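The two complexes that follow have chain A in common; it is paired with chain B in the first and with chain C in the second.
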Partner chain A sequence: MKGILSTSLNKVVPPVALLVVLIAIWQIATVVGEIPAFLLPSPFAIVDELVQFFPAISSATRVTGTNALIGLVAGAILGILVALVANFVRLVDSLLAPLVAAIAVVPIVALAPILYSMFGANSELSRQIIAGIAVFVPVFANTLRGLGQVLPVQRDLMRAYAASPLQVARTVTIPAALPFVFTGLRIASSLAVISALIAEYFGGPRTGIGSFITTAASGSNYSRAWAYVLGAILLGLIFYGVTLAAETFASRHRRR
Partner chain B sequence: MNQLNPTIPGIPAVDVSGVSRVFSTKRGEVTALDGIDLTIAPGEFVSLIGPSGCGKSTLLRLIADLDQPTTGSINVFGTPAGIARQNQKYGIAFQQAGLLPWRTVTGNIALPLELHGVGKTARTQRVSELIEMVGLTEFAGSYPDQLSGGMQQRVAIARSLAEKPELLLMDEPFGALDEMTRERMQAELLRIAAESKAAVVFVTHSIPEAVFLSDRVVVMSPRPGRITGVVPVSLSRSASSDAEALREDTAFFASVTAVREELHGESSGASARGVDLR
Partner chain C sequence: MKHSKRVSLGLGAIAATSALLLAGCSSDAGRDQASGSGDDLTPVKLQLQWTTQAQFAGYYAALDQGYFEDEGLDVEVITSGGDIVPQDALAAGDVDYAIAWVTKVLGSIENGANITNVAQIFERSATLQVAFADSGIETVDDLAGKTIGSWGFGNEWELYAGLNKAGITDDVSVVTQAFDMTALLSGDIDAAQAMTYNEYAQLLEAVNPDTGELYTPEDFTDIDWNEVGTAMLQDAIWADAERLDSDEDYAETTVKFLKAVVQGWVYAKENPEEAATIVTEAGSTLGESHQLWMTNEVNKLIWPSGSKIGMIDTAAWDSTVEMALATSNETGATIITEEPPATAYSNEYIEQALTELEADGVDVTGTDFTPIEVTLNEGGN
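Let's look at the complex of A and B:
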């Protein structure tokens, strides 16, 4: 346990130290170089805005975070279910594969203006749908790959046990796929936050971080815009951290 | 060849008659097995030995109904192999342990019992018996990635014995183990087989292993896979005799020589195979 702690400290300390140094250089550069705020506000100015607007920033972060979370959960459930169907019904797989490849290529946020006109400009639903579609693709692809991970020896064994298809799915196929599902979720978590946030740039209710970044920037409040960006970064890190932890937990004992 | 062990009457554990297996490949048809007749008595330990490609694993898979013969029939305890599989008449172990990495040792051994609806109490009791039998009591709660290869294979063997099968099918179960672990596992398997009174079909390509374990060694040759000879082994495997002494017994060496000669009787064919391989 101590070993794990010290190795993770070794992994954490250097990048954190680098970040601190970079911020210090940034601060010195803005002060000494007299860089104008619209070009690059100083870290202190950004933190100052962050403190001053903390309630607004945190509520905006919550709104964007909720949209991303709903999109993540809905998109993941759909992705997993469709992957299960595609795995067990080969026809569905051959029908879906090109379609999913097509979805993967479409820049999902491009749909935002269309969805706003479909679901009304005051609804958060469009943003959740955009996040959901963005999440669907990696979760579907990874789950489907995971469902194909059963080893020949395990398949032989289940046949020797005369196990029913349902028993095979429950005891071997699905557990073998789980780490892959979580890898898909980890990849999807960042996409969910990015999509939900970028969707706000294209209109809809002025509630989330994306909306406030555009408002602050167009109102020449550059350090405030950066403070909102900081909130977005934090949100992304939370999503990533939680899904990474879930993935690590699901993949324990999987060394081969 | 096609005769029952005279000491044990009744239905044979395995009865293979007139079996062939032809695989269709892109380069044409490959005869993996041809004209196989083999009868194995209840409680008998029979090894299948031969060079790669002689069809010994294919034959084992046919007995297990993991594959079907092109011609001929296979009966296990008097019923066709497919029905015997449905009725769980055999336990099986492969070269790869094939453990489920997300289950503990206990969970892996319990797997067949769980699948076949054995109650929790009976299951727990049987699993702890088996874990003790293979000497892994300390590791009951460990996951496969925390075990050595030999320990994993012992779990696989315990799992194959979970339902007290009267027939044990083993496809090079010790193939991936180092020599020392291998010898220890062989001795353990002999003890377990004697205790459970199960018939064993054991695929190997090690002559000493086949001789040490078996009542009869079935020697096979490749292309097409055929049985070229059967070498009876009579070592005095009483409960008291220890494995080390057995391995140094003159009868052991005599049988090793007999099996080797049987294998090399095909040596001209074997070298020709080596030449025209590709």
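Let's look at the complex of A and C:
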């Protein structure tokens, strides 16, 4: 018991200490260097704005978070399904590879206005789609790689056992693919938040974090803008933490 | 043997490259100093608030007609696509003068940007909230319960001031509008934000699917913030307050700069077609008829002047500041929380410039200005 407590403290304390030191240096620099707020806001000013606008920031975070979550779930499901199809039908794989590579590089700047025109400027759907697209690519790529992790010797063994395709999938393919799927989900979780946020710059209802960052930044009120960014950072951390926890839970039997 | 030879070759290559790079750096600095003392013209950088368009016709006309050169200035006009915040570039010392809306700069000044309004070029606000004529939206009160568009980025404050005044700030659903009118035309929003000189023309350049002809002004209603009483000051010329105070050359340059700019705007008033052409040739992507419309509408914001072009009217300034302190958006944020410092605006330089220009017989009041008729073509061409 004591061993577990001390090891988790050892893992948590150093990064937290580093964070505190960095913030202290930042605060001292802005005070001593007399750096104006429009160039670099001080951490105290940011926290001040965070406290003052807490209701607005939390509701904006909730909106962006909901969009990111819907995008994450939809994109992940689609990514896994398409990867499964691509794995079992070689033709689909070769057809999809360049298409997915192309989708991966389409910038949100270009995609967002088109989606807003298609699905309406007053619906959150376009942002969810953008988050979904951003999630689809890494989940698809990683799942496909994971599905291909079955070793020939394992496949031969299953053949020797006369295992049905479902048994093969359950015992060999999926366990081999699972770590890769979770890696893809972990990468995708932060991407979902970022993409949902950036999509808010280009239109849609004035509800998410992105809308208010631009309003604050246009008046050079970077302390307020960063207060909203803190909400986004927290959101990203929550998403990452949840996917990490899911991964740890799913692979708990594999830890030897 | 081989390994140490490769290492020393590598080190030698790095040393040679560094020597070349450093030599390049120092010779650049030397060249700059030499050109500074050798040239007669003072280099000046002007940061615009947006891309090349007739909203800035006066500056491009001054450049094209040589007014800057006559005053001994070599002006470089820098555009922004929304990526550069002009007042930040000015406050950081990247440029010498910037064009920006007063409301946006008031916020920057409160955050430490020490800059001064040296000329209020646009005396009237050009912001409209446009709706289809059959939408039933005639006044601000009709906006309650509707979906309205605004670009955000600090352009939304006149709208919120109007909503605050009508008491319906929480009764509307605001959508971030793209910098075009497709959301209104496709029916996604009930009322859209438009500038008289730009987006409003985009409506009139679009084809009405019901008639097959271009839309006419009768197809739309608009809420003009000047009439509602919540209009705020827009395009102004800003200069670095500290430099104005400490650097005499900069103060003199400011007067010369303003003289040339005023002459540029007078040129645009008297020769709108030529001014529109100058802007198009300077690299605008907008069509000719659209550019002419913009020049004409912008002229209406300047002429006839309340007193003289560029003079900062105390009543208008105070009204804008008052609204900046009081107007809150949906999160409860206001533009500023305390009164701006006295250095926020100064009529000293524009007064001097105007006195010298009037002595030369330049018409700086434009009392006889009449706008022209502009026919828009589809797509603004």
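Definition applied: the second predicted complex is superposed on the first by the 234 of 256 C-alpha atoms of A that agree within 3 Å, B and C clash if a C-alpha of one lies under 4 Å from a C-alpha of the other, contacts with A are read in each partner's own complex, and residues count from 1 in each chain.
Everything that follows uses one rule, which is that a residue touches a chain if its C-beta (ideal position, glycine included) is under 8 Å from a C-beta of that chain, and two chains touch if they have at least 3 such contacts.
Note that the structure is a prediction, hence the values are computed from the model and not measured.
K.L.:
One more residue to check, A:Phe53. First (chain B), second (chain C), both or neither?
P.N.:
Only chain C is touched by A:Phe53; chain B is not.
K.L.:
Have a look at where A:Phe38 lands relative to chain B and chain C in the superposition and call it first, second, both or neither.
P.N.:
Touch partner of A:Phe38: chain C, not chain B.
K.L.:
Which partner does A:His253 contact after superposing on A: first (chain B), second (chain C), both, neither?
P.N.:
In the superposition, A:His253 contacts chain B only.
K.L.:
Quick check on the superposed pair: does A:Asn122 touch chain B, chain C, both, or neither? Answer first, second, both or neither.
P.N.:
A:Asn122 contacts chain C only, not chain B.
K.L.:
Comparing chain C with chain B, which touches more residues belonging to chain A?
P.N.:
C
K.L.:
Applying the document's definition of touch, where does A:Arg159 land relative to chain B and chain C: first, second, both, or neither?
P.N.:
A:Arg159 sits against chain B, while chain C stays out of touch.
K.L.:
Touching chain A in the complex: which residues of chain C?
P.N.:
Its residues touching chain A are 85, 87-88, 91-92, 103-104, 106-108, 110-114, 147, 149-150, 152-156, 173-178, 182-183, 186, 188-189, 329-333, 335.
K.L.:
Using the touch rule from the top, collect the residues of chain A that touch chain B in their complex.
P.N.:
Interface residues on the chain A side: 151, 153-154, 156-157, 159-163, 167, 171-172, 175, 178, 253-256.
K.L.:
Under the stated contact criterion, what part of chain B meets chain A in this complex?
P.N.:
Of all residues in chain B, those touching chain A are 61, 64-66, 85-86, 88, 90, 92, 94, 96, 98, 100-102, 111-112, 114-116, 143-146.
K.L.:
Please give the residue numbers of chain A that touch chain C in the complex, ascending.
P.N.:
So the residues of chain A touching chain C come out as 36-39, 53, 56, 60, 113, 116-117, 120-122, 200-206, 211-212, 214-224.
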